[in-house]
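Sharing a structure, written as structure tokens. Questions coming.
Per-chain numbering from 1; labels A, B, C, D, E and F assigned in written order.
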């Protein structure tokens, strides 16, 4: 039973800010640099979701990519696209909105939903810029 | 003895169609959507082949990339480039031409050929579009 | 009154074949090469539509990109995406489906529709592959 | 005396919001859609600056790209990178921060500075996303 | 008679060095920076050749892209790919190998050859890196 | 304690040549092809460094990307950018400058430096061209 990995790419544009309320402005700037800007900044984020499973005999699909895309859009993208990650996103409340933490929380949302489709979530990867990316494999 | 992975990227342009002959047109459209179009559609596919091995002392090569490119072109690309994956490709006969199944069959072709070069096939990855890709690691 | 150019990128995946019915198979292959394959081949085409105009005072928009994207999708993309350019596309009937001719016909569809939005169609550009593209400026 | 065009690409990440204070929330959402989000959103913007001139005999340069990059960075990028285009950017005060208007204002900053280097500013192009871009040629 | 522009992209990898023999090392470094390194450096150059003409009735082609690609490869690419632009390239002898000058000389080679195919050379564009490019339109 | 992978992309432009001094010119050309050119050739290399670790509670960072970028630039990039990999690079002395060997040596430089930041070097990946890349995981 061959295991194949399928990956779906989606995009979202969001504002965020990295800072800690109980740190001084100097400490925030030393650690977070320009990312601490009080009036926010933003990115075109790219989200890559990889799912693992055995291609079904009839369709040749690990999982219908229409279903995967639909889950990612309705459960994740609509909640973060054109939003402020610090202020507008319920599942990031109380969490520092680093790309690392965003990837972990998106994993937690998607993992059980993928499992309902006889497939296994393998990886959540986010590009914050072309040069900076993170990946979480659930462990 | 360090193990290094080398990856070669190739391209092919092909037509295909996803459908099952013993399903109704409605069932085919429900599952495969626009991919069931009777008159075919097509893609610029990108194929990434990754090989693992120890760099040789003289050349510093895991495997000469000219040889790897030549194998991929003569054994895979000429059989699928500017072809119809449902009608023209011997090694896909009787197989649903999903990108998953295509990756598995390409693995089966390349694995023994790479082994003749003191290297090990590690991954076959195919991008059907910029947003949809599959990867097969042989297991 | 500054003139600004705005460009919207869209994608479509289609099958096509280049051949002339009144030429021999040899002549077709000599001129069109692998693109003459009787069972079709296909591409992920990229369509870039550029519109020229003066940004409006209230919005700062030459033309609302939502409107431009909507026009391109409903008047062009739905007619060619996941289609066979030789068989399925009404506006290409009787026309050799080269990328050049496709760009000219898309121009003819879009030009009057853009003009209704107080803007001017400037360019229709199509990438057939990463390496081959055409552009039509309406003249 | 051949005229050659040279282009330098730079990047900036910024937050912005499109809205008009004297419009109702409904009107703002009808026109600007998700871009009207009160808590901002953001992008990885790409800025392309094209300069025209005759290559100098000694250097073969229209203009030293180090000088062009330096001007673009010190006069434009530092003022907008990791900033809020509505709140933090002096040269955008009172102007709707559409990408069109941003391109026009960047042109106004750069045009006299390029002229001091015996070259002519030809184009300011900004990609807001991979799919949406604007270009201003100064007319 | 519509005029359409077609563009072919090719690649070449070359070494070069920017320096003037009759300048001091200090002067060379002040002007050319790291590009003056005595032991050379190199790039993956991308060459884009754009040709203008009327699509022919039979083929729908401005010019057969196979012919355009063949001309660019045999008349330009083989002379510069995996070469040293200062030492190995006949048509650059005595010319500072800036990307600007390279584009002008490639234009001079290609212009008469394209004219033999009932088409007109419109542009030679070279990317030295993703961020730095030049374009020559023959004037 | 979730483990997250973060990746930083950097660029360098370098010249190199593949040849063995004790082989004949014919043998060198048979094995290395155009890469044996006596006057060198070059590439725009892309370097991807991936680090693994647990996001810290305060910052949400596996490791501050500013620190990672700084280490990669000062310990690797300045030693190879705009250099000749055969002649100018101390850490490649006596080693065939294949991309495989370059990746292994960069790993040896970076591994202890990353370890000082409570993180683990996971991968060094180098693209020599868009089509050819290598990856070393330290084993």
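Points to keep in mind about this one:
In this section, a contact is a pair of C-beta atoms (placed from the backbone, for glycine too) under 8 Å apart; a residue touches a chain by one contact, two chains touch by 3 or more.
For clarity, every value in this text was computed on a predicted model and none was experimentally measured.
The chains touching chain A as well as chain D do not exist; no chain touches both.
Look at the contact of chain B with chain F and you find different residues on each copy: under half of the numbers used there are shared. Separating the CA-averaged centres of chain D and chain F is a span of 34 Å. One simple way to say how far apart two chains are is to compare their mean CA positions; for chain B and chain C this gives 29 Å.
A separation of 41 Å divides the Cα centre of chain A from that of chain E. Residue positions of chain F touching 2 or more other chains, listed in rising order: 130. Here the touching chains pair up as A-B, A-D, A-F, B-C, B-F, C-D, C-E, D-E, E-F.
Residues of chain F touching chain A in their complex: 2-10, 55, 58-62, 64-66. Across the interface of their complex, chain F is touched by residues 11, 13-16, 34-35, 37, 39-44, 81-84, 87-88, 129-130 of chain E. Within the complex, the chain D residues that touch chain C are 18, 20, 31-33, 95-101, 103-104, 130-139.
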